[in-house]
Structure formats: C-alpha cells, structure tokens
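In the two complexes that follow, subunit A is the common piece, with subunit B as its partner first and subunit C second.
So, the complex of A and B:
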C-alpha cells in the first residue's frame, strides 16, 4: 500500500498530544513518536465539508467549489446541500494512476461516485444505498447495521445514550474497514473517524469540567478511538505513508449567534412574512445575507434574481459590514474576532462563487446563518465549536514533500504526494 | 388569470408531494437524523421529479419559482400531478376526474360500482342516464381528449388497493369512496353496519396504505357539515378546529381551545362514520406525518360543470330518491313531475349548501395547494345557508319560470333533529387561503337543473321512480307512512 490516510474529525492537535501524554490514547503516543505532528489551519470558514474537500484535493474552496455545507444554486435562491456532485476538483483517489482505493466515511463524498476501488460516503449522506460504490457491497454493510452517521437526535435522550450510539456506529465502521481491507490489495486507504467531532460538539463542557459525570465518558470514547487506531497501526508496514489529520480544531461554545439577525437589525436584510423563512423570502432591498456559519454575501445584481447591489456600492457596503461585525456585541460579548475578504482568501476557477466576507467568530462564540430570525441567540445543546487554528497534521513516510511553516488543509497532498502535486500544478 | 389563481404561489417544496423528505441536519453539530420530520434544524429533501438538483432546503423553492408547477385557473398546479380518486364512479368522483384531467392531472380512479347497485336495489336510477365506466372513459378521451385510468377495486380489498397505490404513486388521493346516505344508514341494522364498515374501515385501511406506499400524497377526505350537527347554543361552526384565540371559561377559570378539534354531534349513523373518518385521518397525520384536508361539505346540488357539458355520454349520476338524492335535486325533480316538494317538520332546519360546480372548484384548489407533512386541516365547503323552507320556495318560484305549478308539502319529520336552531357557519378558508370564488349561484344552478330534468326522457325517468321520492325511513326505527301535515302552493 502507498498511502493510509486516517481522519479524526475535529481532533485538535493540542488535545491529541495531551491525550497521548496522559495515557488516554496510548497507541497514539507511540504513533506520534514515529513521525511529525503539526498544528494545521482549517478551511475558511472552518467547516468540515470544505476542509475535507481541501484535504483530499489539495485545493482551497475556490478550487473545489465547496464553501460550506450549503450554497445557493446559481441564479436562484434555492439552498442546496453540497455533495459529491457540486464538489468540482478531483480527490486524490480519482486521479489517473491512483490505483485501487478504499475510501470510507470521508465527508462530502455523497452520493458515492464510481472509482477504482470502493467508497462509502460520509456525512451528509442520508441514504446508505446511494452512499456505497460499488453497490454490491451494500448488503454486507446493511448486514452489520452500518450507519453513515450516528443519529444525533439521540442527544435528546441523554448524553449516555448519544455516546452509546457513537460507539455503535464506530464499531460497525471499523469492522467494515478491516473487512474490506482484507478483501484485496489497496494502493490507498482513507478512513475517517467522525464520532469525535460529534462528541466534541455535545460533550465539550464535560471534557473541560473534570467533575462532570460525563468527563470520563468523553475520555473513554477517545480511548476507544485510540484502540481502533492501534488496530490500524498493527497492520501497516514501513512502506506505507501514514498521514493522520483532522479537519479543524475545537474549543468551547457558550453563545450561538445568528448573523442574519445582526444584518436584519442593521436594516441590511429584509424578509417577506413567512412561517418558515428561507433565502427565497429575501426582499430586493436586502443588501447582504449570511450562510452558515459566517459567510456573508452581498445581494448583488446579476448574481441573485432580485439582487440590487451594484459594483459601485459594493466596496462601501463591505466596509460597512466589516465595521458592523467587528463592533457587534451580544450580551456584552464581541461576536467577531476578524472579518476577511473572500477575494483575499480564495483562488481557483470557483472563486467567483465565494462569499464576499468571512466572519471569524470571537472566543466562545459560534455563528450561524439561519433565515429564521426569531432568535439572535440561538438555543442549542451544542457546547463545543470548530476552530480555524489547531487542527492536527501528522505524517510519517518516505519521499515526503516539505511541510510548510504555516500548514493548511490544502497543503496535505503537497506533503504526502509531492511529485504528483507538482505534476498537476505544471499541467495547470 | 386573476390574483385568486395565484393563491399558492408562495407555497414551498415542503408541501409539494413530489418532494421526498430525506432527513434533518444540524450543520452546527455536523449531525444528521433521518426520518424525523419534527426534529429541529435544517430539513433536507430531494425532488422526485428533479433529482439532478440534489438535496436542498424545501423552503427555498416556491411553486412560483419551480418549473414543475404551472399557473392554472385554480392556482399553481403540479404538472401532470397524479391524482387517485377513490369512488370515481360517483356523483362527485366522475366530474372531478374530468375536471382534473382537463387541468392536466394524470387521473386514476377506483370504484366498486356499489352505488349503482344500491340505487337499483332501491328501485331508483340516475335521472340522467350514465354510461358504463368503460364507455365513460372512452367518451372522456373522445370529447375531452383526456386519458383516465380506472380499476374496479373495492376500498375494503386492501391488497388490491395497496397494490394500485404502489403502482400509481399518487401525489394526491381523494377519498370519495364512502356510502353517502343518512337515511340508508338508518334504515336497518344491515345498512347501518354496511355504512360503518365501508366508510370507517375503508378509510382506516386507506390510511395504512398511504403510510406504507405513498406517504407524501395529500389526502383530500370528504366529510360533511353534518358532522358538526346544529348546536342549539348558537356556537359558530368553526372550520373543524377552534381558532387560536378561542377560550373556554368555566367556574372562573379560562383554558385556551385554540387548535383543538371542535365538538362533533353527528345526526345519523352515516354522519357517525364521517366523524370516525375525521378522527382516523387526524390521528394518522399526527402519528405518521401524513397530510390531509378534511372537507366538511354542505349539502350539494346541481349537475353542471364545463366538462360534463361536453357530451351526454359524460353525464355524472344524478339521484333524487329518498336515500341517494339530496334535497335541492329532489325538489327540482318533484317539481318537474308535479309532486309536492316534501319538507320535513317545520322546514326551518338550516343547512349549508354548495353547487356541484363550486364543490369541484374547491376540491381542485385543495389538491393544488397540498398541506405540509403532518398537517391536518379542515375546510367548511359551503357557499350559502338556507332553510329547507327557503329552498322549497325558491325552487317553486324558479319552477314557475318553466311553466310549472309547484306545491309544497310539510310532512311529519322522519329524522331526529332540531327543527328550530341557530346556525352560523364559518366558511372563510377556501376563499381566503385557496382563492376560491363561487362561479354558480342557487338560481342559475336550479334553472339549469330544470332545463335538464324537464327533457321528456329525463322527466319520464323521474316518473318511473316516483315512489322512491317520498321518505319512508324513520330515525326512530318505527315503520308506517309519514303523515302529511299541510300542502300549499307558495305565493308567486
């Protein structure tokens, strides 16, 4: 095998080191001694769909067309969910000469597209039947009750029930990995643990509070992840490049702020009356709107059916919006840490579809872009949020490329398959 | 095209039956949960007609902005919407099939042809001759250029029904397949049981079939204003559910009644079956996220629709006998053959009425604007409230335009009902939310009936069943002829 890429969704670099050192993740402790662990920067914004797309293509969102989990379909107000169909750059396993690949649970790969090998899509994938390629592998996965993802609604039944579900899903997923690993010789395997991200979202407060009854539950889950990592490590030989990455870091979340409410309060977003408002309810006088988590789009003439913002007024509007977010406070707490310009962040053939601004949230704040404007502060059981900084990048192997000083998700392929990446760049 | 026709322009894919619910996602937690439509977060759907657009937010496409919905005179309508009419051979089912087919729907229907049999057993017949279903469908193709698919299936034959639902994949289902007669249900135990069995068990079975084979279809369930009864307190007959600000006061305390089902007080075992149907549908919407409009229809009359006029082979059935006819239709028939119009008791009983033509418009509009998943709603499908006495006088007056001397006769009331009562019907939803505007008034519709029924061949058919027009069925279970109380000729 040439490459094993292990994904651990939402595992911060510092926490991995901490758990390795403290004995929560003993296999990781051994692993980390055999290669290089670096903090890595996520995508902008720091959402899993965009970040994983960057990791597997070597492009930023302007190159692969995934800017978030949602996007408006061109020339309309239809809020579509990004998928393998809207994902426009080739992942490494689909490139010429990639060889047989086993790809399991990588977000943003649904519905499963044909490849040389086998693929089981990751989140968002609501129908297992369309998440599996080739389809003849479906029945075996069904026979072990394979689930694309844990049913997150179980959090309503309590944290223990939720964690039990995460464990059930992980057990089946790992069983599937080894079953298919054994079936044939693979050139590439990519496997992503996603339960870690779900755990962090709902039990971060328990991780931070060592007196919480679920503190140990949190640690035990990571211990189990580590045990599974151990099984993988036992099967790898020295010839295989091993890359272990996470797509973003994690931190506490105490406030979820709906950015569209801020825009509406400032008179920049206006909706017609609707029981279930969505983007199609925006009135023409709307100047700007947000999509999850903090993507800001000017309501531009020509880009949106009833948009009226023209090029002449856009710069002043961007400045007004930047000032608005940087000065906004909710419950006395700043909302934004930084506001970035889309044109400074993205490059590539889809950069014209990028948001105009990216609002980076302040400490303890998460941002959302819902069109339901009923609550500026959204009630939620989520207490952990993604961070742009401090995702994990670990690599060991031969013929590696140079690791940039400021490692980003789109640099992963540059490091683990430098020759191939250089060829692609030359061809481009 | 009027503004009224755009009433559903801003409805979204969430209520479109061509959309399949795929799950619910909370992107803030990268979490997904399938098959829980009630869950919080972002709904995720897929369009069965446009799968190429992938998963999307159903609230972000309106009918107006969707290429699958086309503007028609009854609002935006899903192109080629597959509508399954249960009871397609009936008085309402057949004209609805023609209307929907002309509007561009793909119409499918079932019927067990029971109505024809029961009317014949009574010694009655449709005044306007009707063709076999095979010939009706051929006539629809010939004269209207529409294709209608029909299977002779009994609603109670669940195996056949479910297979047909599975095959058709209807986007709307109209439940007309019920035995629609109060006096029939009161005649004897067999008929009462037959009514309950067909209507109650049939509807219940249907709901399971929809749940399992076409869960996104809207169910248009025909109820009746008779479910409410006529409360002596004068409490308005709200549209099935109490309005949001309704309050119950009792012993110094107050409770909100908003959204609760209003009381039902059925007036025959037939009406009992309709009430049971209402509860079954209401519960199915709650348990299984089915969606339904329950139509509390007033007493229907007339036989005019644009499509029915195309050719006599397209006639819908027109019954006038005690069991299967309705009051206005029977009065016109009685007037045509010189038989006194029979009024039960005082004749001051107030009821809601609607013409066949208006009822077809209402049902079409309901089909065009389906409820959201899990939504149960009720409309009172009524345009006018009249007393029976008023109707008799109006029919007599119009009859004179046709040279008929019409008498009115009060007879002993065979029913157990209040003869003097207040009656305030709330009927706002169809006009306010569905763009309904009446196209036919009482006088014009009755004139049309006189024109049709005074045709010699039709008049002859009425004469042949004269004996079936005078009521015989007593709610009390007693037998014997009903006493005539008085007969007179209304003043011009």
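So, the complex of A and C:
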C-alpha cells in the first residue's frame, strides 16, 4: 500500500466534524464517511515541534529527543533551537525500505536532510535554499514564490492582510505538491497545512464570535483548505492508505502567564540583572526554571553548570512546585489544570533529558517560559491556544493496525504501518 | 529500568544514580561529580576506583565485573561512543552475568544547532515570539 499523510496543523477533531457537517468543509464531509475519525492526544507539552516529531517517528519525546522548540545545550545555559538535526529517531520516510517519498512542509524538518525522494522543510524553516532536498528543485520553487513561512508580522497590519498572506502561502504550497506529485510514483507523500494553526492563534476569537467581521474570513479560510483537500482526494486511489492528522487541538486563550515569573515570585528562580535576561543569568540559588510552554526543570547539580539542587532535595522540591502551580491564581483565574512528572510521561533513550514537571494550563490560560520577568501576564495578540486533547486522527485503508482507545500522536505509525512498526520493535 | 540511553560527556550526570560505577570506554573525560566511582582494568583484572579513569577491554576484566557489584556499586554504567565493538562485547557479558547495567552512548547533541549563525538564531527567535513561544 502507498501512503498519503495529510497534516492539518491545529485542527481540532470536533471542529473538523462541525465544519464538515455545516458545509464549511464539504469535501471533508465526504471524506469522513469513508474511514475512521478519532480524537487524538498530542505530545506533552502540546507543542507542534514535539507532536509532529512523534507523528512521523512513532516515539514520544523520550524516544526522538524533541521536547519543544527550544532546549538548553547539554551542560550549559545556551539556548538552542530544535531542528531536523535534533531528531534522534528516524522519521518513517528515512527508514530502510521506505521507498521514494515526497515530504512537504512538515514542521521540524529544517534543514532538509537527504532522503530517497524530495523534501521541502516546514516551520521553523528560515531559508528556502536549506529547506529543499534535492537542491535541483530549488529554482522551480523559487519561480512560483514558494515561501517557507507566512509573514506573521502582517497581523500588525490587520487580520485581513494576515489571512491574505496565509492564503498566498497555501496556494503556492499546494501548487508545489501537485507539481511534484506528478513527477514520479511516490510510495509515501506527506503534506502539512500549517496556515490553519496560524489562523487559529490569531483569529480564534473571531471564530467564537459569530458577530465578528472576521468570523466569515475564518470560515472562508477553512473552506479553502477543504477545497485543497478535495483536489488531493480526487487523485487518491484505493491502493493508498490515507491518514489525516493534526498535531494538537485548539481552544480560546484569554491569559498568557509567564511561568518563570511565578517561580521568581515564589523565590525559586533568581536572575542577575541583565538588559536581555536569559538562562545564563540564573544565579546558583535558583531551584527551578521553565521553558516553553510549561516545561519545568530543576536546577540540578551536575546537569547545569551552577546548579545546586541535589538528588536528596529533588522530591521535596517537586512536591513544592506541584503545589505552587496547582494553587496559583492570576487575576482570580487558576493557572494550571494538572502537573505531570516527566519520569511518568517519557520513555526511551532521551528520557533523562526530559523536563522534571509538565504544567498543563487551565482553561483559557496559555503558559510561556520567557526569561524576561517584566510581566506575569503577557500582552499578546494571540487569542487561541493549543490543547493536549482533541487533535484529529483520520484513517482509511487496508491492513491497518488496531486504533488504541486512547489514541496518541506517537501511535499514528502503529495504525498506518503496523507491520513496519512491529519489525522495528522486534529489532530493538 | 532502561538499559540504554544517549547522552553527552558533558551531561553524563543526568543519567547517573547513587550506587552507579562508571565504566568509560571512551577517550573523553566525563563531567562527573567528585566521588563518582569508576571501573578500572589492568593486568590483574577489574577494580573500583574513586577517580576518573578509562577501561581497556580484556575478557578477564570483563568477566570480573560481576565481583564488583556490592552495596556501594549497584549498577555498571558503560559509556561508549557509537558503534563501539568493545561496548557490544561488554554489554553481552553483563547481560550473560545478569549484572545491572546501563549502556550510555555519547553523542554530540550540540551539533543540532551548528547550521545556525547569530542572525539565524535571531530569526528563529522572532518566529517563535510571534507564536508566543519565546
């Protein structure tokens, strides 16, 4: 069987069903009748880099080594950005016998790594030249003004300008998909719509408020996404497994809380004075710090150059932190819904690099891990946030694996290529 | 308990627990804290020492590792580079003798960012800021 994996970044399962039923996404309405749609759980935390890495490798973050968009370089306070080189598990297209693959706009695949086939990297790609493999395909992509990312700064010029930009970028990406699809017989194709995530971040309030002048703009964008889905469906035969997934769900965001401010207020994070505060400014008496969006790390001795938290005090500290987050309120609003232990969440050869705690935000709250402690409540134009629950998983095809009752992003490959996954497990 | 992990020489302490004895098959110094036990090997066999040292493979030394397990050395942490034949032989021996162990492969995780210059890092930061990550 061939595989077509369609990604729709940030599309909640319930919204997909709602839009299919209401006529906003008529092609999806037909599609959803031909297979199984399930709610899926995202990565922990529910961040696109980690979730897409799980979807394409079949591992949780402890197995593929991507815990967020940022990480500290081992044994240092240097902030690093995760990328295709951070992956320590093979994506399905890089496995032995995968066959020729066309991989387009998958987040976390920049810079482009060699493969049997063609790849154009997704977010956070900076430079198209380094986002394309093989490089011979670059000039054609340049000729159609293919953009590695939408210009998100356009939101400052108005929501309509912003959505127009998302449409422009999507149109070129879809043109590129079909152009390269025609070039040869691919065993695997993966294509991700990412404009949906950007739209949800900035226009969620307009979706929720049907009287907003941009409510219809929001629906129209999804209608356009659905039209593109229709073009894909028209080309698929019944010898192809079709899997359509989103990496996380979405919900409203009314408050963005800087977790590092909470830690500083509790006396658990201390920074030396700096114009541009960063992790390197942490004083040795710091007990814990946060990285995006709610990853909490103890400032452990041995792990960090000036960390002083030793193994004997870590349990008491984790309990103190858990209580702190679960009781914290900002503007009368609870900050956390749940606090999880990293050791209970992650497995695999990189599990020791995991955060000690993961703070799951309360309703309407988003968490950040900025080191600039000037504002506990951060001003932002963003009004939609990711959710752990309710990402979308749709599949149709033959020889599928069993769909777990509690479907998670790391289970996608188990369902769509069960034989391959079993072989890998056996080899391990 | 996991028997394999990947880490760096700089962050080896992340995986070490009380009662671990480190068996270093690499030429790299490991960033361990004072008091960490190491497994040493010489012509007389294997022994525990309280200072960093390397371990040179010999069948005799490998077969003696089981005698080192005690209240103070509960687990052997084998540290090697990728595709190290000595590590494979040693781990086979530890498995055969049912000795609690962890095999740590050292990788240079910092190369994850070596394609980025300062300008790139600033550009990524800006994108992540726009989505509320930074």
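Note that the second predicted complex is superposed on the first by the 427 of 428 C-alpha atoms of A that agree within 3 Å, B and C clash if a C-alpha of one lies under 4 Å from a C-alpha of the other, contacts with A are read in each partner's own complex, and residues count from 1 in each chain.
The definition used in the following text is that a residue touches a chain if its C-beta (ideal position, glycine included) is under 8 Å from a C-beta of that chain, and two chains touch if they have at least 3 such contacts.
Nothing here was measured: the structure is a model prediction, and the numbers come from that model.
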Superposed partners subunit B and subunit C on subunit A - clash or fit: clash
First (subunit B), second (subunit C), both or neither touched by A:311: second
Which superposed partner A:303 touches (first subunit B, second subunit C, both, neither): second
Touching partner for A:267 - first (subunit B), second (subunit C), both, neither: neither
First (subunit B), second (subunit C), both or neither touched by A:351: second
Touching partner for A:77 - first (subunit B), second (subunit C), both, neither: first
First, second, both or neither for A:194, with subunit B first and subunit C second: first
Partner chain in contact with A:88 - subunit B first, subunit C second, else both or neither: second
Subunit B versus subunit C as contact partner of A:153, first or second or both or neither: both
Subunit B versus subunit C as contact partner of A:380, first or second or both or neither: both
25-33, 79-87 or 313-321: stretch of subunit B that collides with subunit C: 25-33
Shared subunit A contacts, counted only where both subunit B and subunit C touch the same residue: 47, 68-70, 73, 76, 80-81, 83, 85-86, 123-124, 126-127, 149, 152-153, 155, 198, 201, 256, 292-293, 366, 368, 380, 382
Subunit B-facing residues of subunit A, complex: 9-10, 47-48, 68-70, 72-73, 76-81, 83, 85-86, 107, 123-127, 148-153, 155, 194, 197-198, 201-202, 256, 274, 276-280, 292-293, 366, 368, 371, 380, 382
Residue ranges of subunit B in contact with subunit A within the complex: 10, 12, 14, 22-34, 36, 39, 42, 44, 53-57, 59-62, 65
Touching residues (chain side subunit C, partner subunit A) in the complex: 2, 4-8, 10-11, 13-18, 31-33, 105, 107, 109-116, 120-121, 123-124, 127-128, 130-134
List of subunit A residues in touch with subunit C within their complex: 47, 65, 68-70, 73-76, 80-83, 85-86, 88, 111, 123-124, 126-127, 130, 149, 152-153, 155, 198, 201, 256, 292-293, 300-303, 311, 347, 349-353, 366, 368, 370, 380, 382
